[in-house]
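Sharing a structure below in structure tokens format, with a few things to ask.
Note that the chains take the letters A, B and C in the order they are written out, and that residue 1 is the start of every chain.
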Amino acid sequence: MKRYIVKRVGFAAISLVLLSVTIFLLVRLTGDPTVLLVEPGASQADMEAIRKQFGLDRPLWVQYGHFVSSLVRGDLGHSFYYRTPVLELYLSRLPSSLLLASAAMAFSLVIGIPTGIIAAVRVNQWWDSAGKVFALLGLSLPSFWVGLLLILFFSVYLGWLPSSGSGTAAHLLMPAFALGWYFAAAHMRLTRSSMLDVLGSEYVKLARLKGLPEALVIGKHAFKNALIPVLTLAGINLVIMVNVAVVVETVFAWPGIGRLLYEGIAFRDFPVVQATVILNGAMVVVVSLLVDILYAVIDPRIRFAR
Amino acid sequence: MTRSGRRDVLRVCSLLLALVVVAAVASRADAQGGRSEAPAGQMTWAVHFSLAPTFFDPAETPGIITPFLVLYALHDGLVKPMPGKPQAGSLAESWSVSADGLVYEFVLRPGVKFHNGDPVTTEDVKFSFDRYKGAGATIMKARMAAVEVVDQQRIRFRLKQPWADFMTFFGTPATGAAWIVPKKYVEQVGDEGFKKAPVGAGPYRFVAFKPGVELILEAHEDYWRKTPAVKTLVLRHIPDESTRLAALKRGEVDVAYSITGPLAEEVKRSPGLALAPTYFTFTTWLVSTDKWDSKSPWHDRRVRRAANLAIDRAGINNAVYLGLSKLAHSFIPQGMEYFWAPPPYLFDAKAAKRLLVEAGYPNGFDAGDLTGDTIYGVAIGEPVANYLQQVGIRVRLRPMERVAFFKEYGEKKLSGVIFSGSGAPGNAPTRLEQYAVTGGRYTYGAYPDVDGLFTEQVNEMNPRVRQQILHKMQQLIHEKVMFGPVIEPAFLNGVGPRLEVHGLGLVANHAYSAPYEDLRLRKP
Amino acid sequence: MNGSRAAVLTAAGRLRSFRSEGFPTIPMSILGGLLFVAIFANVLAPHDPEVGSLGDRFRPPVWQQGGSEKFLLGTDHLGRDVLSRLIFGARVSIVVGFTAVLVAGVLGTGLGILSGYLGGWVDQVIMRITDTWLALPALTFAIFLAAVVGPSEMNIVIILGSVYWTRYARVIRGEVLSLKERDFVRLAIVAGCSKRTIMKRHILPNVLNSAIVLGTLMLGVVVVTEAALSFLGVGVPPPKPAWGLMLADGKKGMMAGYWWLTVLPGCCIMFMVLSANLLGDWLRVKLDPQLRQL
């Protein structure tokens, strides 16, 4: 077990290192990074100062060292538009993003899991088809289009819900639905196939042979085991949601990280763009690691597989 | 005492009593009349651009009116435009010019305090001028011999030579040099600290700023002019036009800035909402950065003329501004002093195509990027690109957020065609200086004869001679087709039902709600 | 009763319940139709998609009051014909979509084969890179790249290709790992074939199936990502029509009731992605049941 964790942490660390190298190189590949790191329109003197400060006149590996040491110290640069450290901006917007992602996740699980189970158990032909249609649409419709349609219908025509911003539960409904539908479909699919796997397993066959009532077989044994992969996937999906929410946040003017990234681009505020990408990537790496470890804790077979 | 005598005494006493009562009531009313009731309520604006902390500091005004949205609330100036008065003394009670035109003396209004309680003194005025580095700073400081503090109330600005435009530069939003910040506080917290927690002498004080989201201000009850009626001001950043309208319709905001085209029509149609256009000296125009390159198609004057003839200005006006704007045939606004009216460009796509064929581009040409800001560059720039496309001049629209756009524009980083615009106040010479003459902040190239004329008029004190020179300059610019003027936009805003005084259009040539201390909510 | 229930849940039953047996005619015809439209856009489109007349702006589709036969699906804010823009937009979506999938596929399959067959440090290096790039959220990374290199059609293809190749690499590598143990590969090694020959003539043809299935599944994702990039303003630059851009423009007219500017382009995206997904699902079941885990 310990070996497994150590191995996984090692891989995660390597991934983070590679992530930083990737961003580092990409910024420099496109030309003089000083231009991207100072305010658009800085004077020659300013650029020289920044060059010295970031050691951009030193060899590449020294620069990289400096870059990493700043990252580790939590210095992700300063937004030139807002004059505040980017980390501060990022952290101030993170709660909104997490709120949206959590609401969307709740929606996707509440809809996805039951529909998946019902589809697997094939209680009702109608339900199964409806579920398939729902899943298919969810995986095919762009979330931002769904958002636009929701605004058109519920805000413009019916006037029931506010079309943008945040603050009340009413503000949360449409963005959460638009963001969550895709994942509801994904969770439904996974629940279904996971459920089917479990229902076909030796364990369940044995329970049936023993004569246990069907409801107990499904409800108690199959359900719990089928849920494990779904929940662990949900964990990583939460982080993915925070990232994918970029467009939903733009449509609904939701003040989250996605909007921060978008504004960073619009203002040519490069430190914000760079830092958001790094932080988002790091979040994904860390959560994958946690999910992998959790998965291994729950299911011992995994530890010995790879 | 006789009976009649007693009656007399009674009459006198009751008269005296009445007088006393009247006097008492009158004095009470007097005491109340100076300061009205405590500020109450909240007014919210949906602002179309993101407020940058540079807007909180008058030292960095970049020559556009945008920061004055905030400056009119947080700060106050020696002289600033007010309703009915283009140059009203604010922090300055009065000012005078010496006979030789070299010395401008300002007398400060006594007893005025900054938000933190520090008194406003002439030291602060000198400090503010010295630290000013925004638009026009170079010119003003070059012409300033000295700024002399005479005493606590009086300060003198001594010029090197008489300068007719001094008050235009100093006393209007052409620059922010006359807006006063507290010296002690700024020195204490530094420039960056000041932008995080600004302190000024304006009618509203800073409460909170969430970058990219909103700015919250609260009434400064001891403001010298009057106590503001509205307690809290919220300036909320909503970049998307339809989202601004939605917020207005739902009552989430009271004023929505910049609503155009079909959404403006929607405002007119909606009960309870009103469309309130404001006008200011604002023109938009096209300028090519590579007309100086002999290999570029734009080098040929016929091509530039063709571009001008290809644009249906009236069509754009009707579509985007419901016909409320004015057509522009010069890059200088019609209302400005020393404006010369050029012969209008008529919309004639056929003539435009003919000119292009003559110039050797029968199939048009690829003109690169059309860079503009996200508001006007899109609202007007897109239809313009559409018209240019129709005659074969193919451009790719590249909108940039406003502050980023002006920075790159000013640092000469843009290429291709620029969709430019300026709402900066001033007069024809200030515009010419910034955009058409060598050395100007946004000048991408100039002509020596035009430059020569500019130098001539700068020192000219005789207004009639000066006007002649300036008119000649504008004529030359028109003949050389230096620019492609498009429209003088009206600024259309949506106003909700809660407001009694929304402040739009009160201050001439100012786009936004002002003066903030005069705004009122309707009594419920 | 238990028996019949159990029968439904066997492996065969699972496969049958997954998708209907028949050839997916509707998705194929939709995709084929879009391809046709994209190729013959110049002929099919009634108007120039990039130019319009302001006087014709905001016309509703022909069946609504105010619509005209000249503009069957209405016009946008500049008077441009929506139908023509949708048609040319198909070209952008198809070209960008197919090319990006091709780039990602070639790169990912190639690296997947190398990684799976050669093993050792090559494998480790490629896998770690894949891990990292999988960690970078695709959309965020694409936005970042577009901001850094600047948007243009070619750049978007490169960006999308470089963001999505990792999905291929992972899957193909897995395939190759199991293929390596197969007899015909072992025979080839014994016979003395060079590694390159084996990879080219034995491994590659056998992973093509998976690559193709993955390709159809990725097509939907790529098209949506391209639409998202255009919507955010970092996709194909205007005035070139792209469905995502049309959605962004259409948002402005929503509050005024101009529904066709948002609903129609979105429907196009939906049909294309839906068809790609259905096709991919069918292919997956048909060609390689093992890929069910995708």
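Quick notes on this one:
As a working rule, a residue touches a chain if its C-beta (ideal position, glycine included) is under 8 Å from a C-beta of that chain, and two chains touch if they have at least 3 such contacts.
Everything numeric here is computed off the predicted structure, so don't read it as measured data.
Ranked by how close its mean Cα position lies to the mean of all protein Cα atoms, the top chain is A. Note on interfaces B-C and A-C: more C-beta pairs are in contact across A-C. Subunit A and subunit B have Cα centroids separated by 43 Å.
For the pair subunit B and subunit C, the distance between C-alpha centroids works out to 49 Å. Separating the CA-averaged centres of subunit A and subunit C is a span of 21 Å. Within subunit C, the positions touching two or more other chains are listed as 233, 251, 254-255. Of all residues in subunit B, those touching 2 or more other chains are 240, 242, 246, listed in ascending order. Along subunit A, residues 156, 266 each make contact with two or more other chains. Put simply, subunit B touches subunit C in their complex at residues 240-242, 245-246, 261-263, 265-266, 312, 315-316, 318-319, 382-383, 385-386, 389-390, 396-399.
Across the complex, subunit A is touched by residues 50, 52-53, 192, 195-196, 210-213, 238-240, 242-243, 246-247, 250, 252, 374, 400-401, 403-404, 407-408, 410-411, 413 of subunit B.
Interface of subunit C with subunit A (complex): residues 2, 5-6, 8-11, 14, 17, 128-129, 131-133, 135-137, 139-141, 143-145, 147-149, 220, 224, 227-228, 231-234, 247, 250-251, 254-255, 257, 259, 262-263, 266, 269-270, 273-274, 277-278, 292. Listing the residues of subunit C that touch subunit B in their complex gives 50-52, 54-55, 57-58, 77-80, 233, 237-239, 251-256, 258.
The touching residues of subunit A, when paired with subunit B in their complex, are 39-41, 79, 81-84, 89, 92, 155-156, 162-165, 253, 255, 259-260, 263, 266-268.
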